[in-house]
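All chains are identified by letter, namely A, B, C and D, in their written order; residue positions are counted from 1 within each chain.
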């Protein structure tokens, strides 16, 4: 299990390759990558604030729950903070399981919890001004399925 | 959209990186990678037979349905055939969508249909002999959710 | 003349991957009956049609599908891709 | 003495990322009332507690959680990670 909270970009290709290489006995690897959308060209930047003391602890708790619940072979979570431009990768998760259903479910679980329970806040900077991204009710509701 | 049916290995890292790079406007990329499990050391090799004339056509049909249904930005499917050793990657899919839910659903849809509707047949070679992998009822049942 | 293809254990039981078949069968089911009547290895391969799938000109179809205009018929077990 | 931290628009409204607070408040809710009474910027930040989340010593908690033994309290809007 590896959790990384960082300002620097990460290498999606190298991370995916290394993760899949270290999952002996696992038949299924799922990755999710979140990318800053350009909002039809209106977005100048995305600023991601986080609660430095709490972030890694919160993500570790979420990842440990996923590992246990789905008997995963491995979990990877990388999440950036700071100022990102449209098209940059914000974060990724990877899960390894024996069968595809578990790998998919665990990745969706990680994403649902990272979305609403890891202490990050996104601010969109546009030519017209800046605004905090509001949490969506459907993201909170998504937790109910777990 | 890219569909590749091939005997050669593919480069998971390079494919993941290139796929995520070419999805302007998309916020979510999901990949699935299928790996030959070693079955607790009993497996010598996995032989994958396919119906050469039909395979690419069948996969293209599945991928086009996913593109339309979830409004995807892009889809990638790579599937190998021939003789593979434990630990080797059999196949991968990648989906790009604006939001994570669509990217996940589309990837699961692709996997469910590739599993039961793309003309591949797996044979497990072990020290005790060889046997065709039987289709699982739950894989057929998984199609009902779509 | 039909090109008839066999895959996986259907191919192994019948012993060949493909052959040309001269037939007047109107449907897949009729073709299967003709093949079963040929030799024991065909009868064994087609013993349980519910364990088989069929593609006509590379499209999955049912066993009651008509063969009119079809050039290629393929028989195989349920697929195990992914 | 409590370390009190503010994030995102809570931080912006109050104007500082963290401060030390001398308080006898027994619960988070009582602390919020004390802070609201201080100045307009606090009243504005805490106007709608349902729009806020709180962490005690870096664990998410409810507003009725007790402060006994707690060293760090953080207030922030619902999280938007991922």
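FYI, a residue touches a chain if its C-beta (ideal position, glycine included) is under 8 Å from a C-beta of that chain, and two chains touch if they have at least 3 such contacts.
Since the model is a prediction, treat every value here as computed from it, not as a measurement.
Steps from subunit A to subunit C, minimised over paths through touching chains, total 2. Work out the mean CA point of subunit A and of subunit D, and you get 26 Å between them. Subunit B and subunit D, compared by their mean Cα positions, are separated by 48 Å. Each chain gets one centre point, the mean of its Cα atoms, and the points for subunit C and subunit D are 71 Å apart. For this pair, subunit A with subunit B, the centres built from the Cα atoms lie 23 Å apart.
Shown for subunit A are the residues that touch two or more other chains, namely 34, 100, 111.
Listed for subunit D are residues 82, each touching two or more other chains. A complete list of chain pairs in contact reads A-B, A-D, B-C. Against subunit B, the residues of subunit A that register as touching in their complex are 11-14, 16-17, 20, 23-38, 40, 87, 89, 98, 100, 103-104, 107-108, 111. Touching subunit C in their complex are the following residues of subunit B: 34, 49, 51, 53-54, 57-58, 79, 90-91, 111, 114-123, 132-135, 140.
Residues 5, 7-9, 11, 55, 58, 60, 72, 74, 76-82 of subunit D are the ones touching subunit A in the complex.
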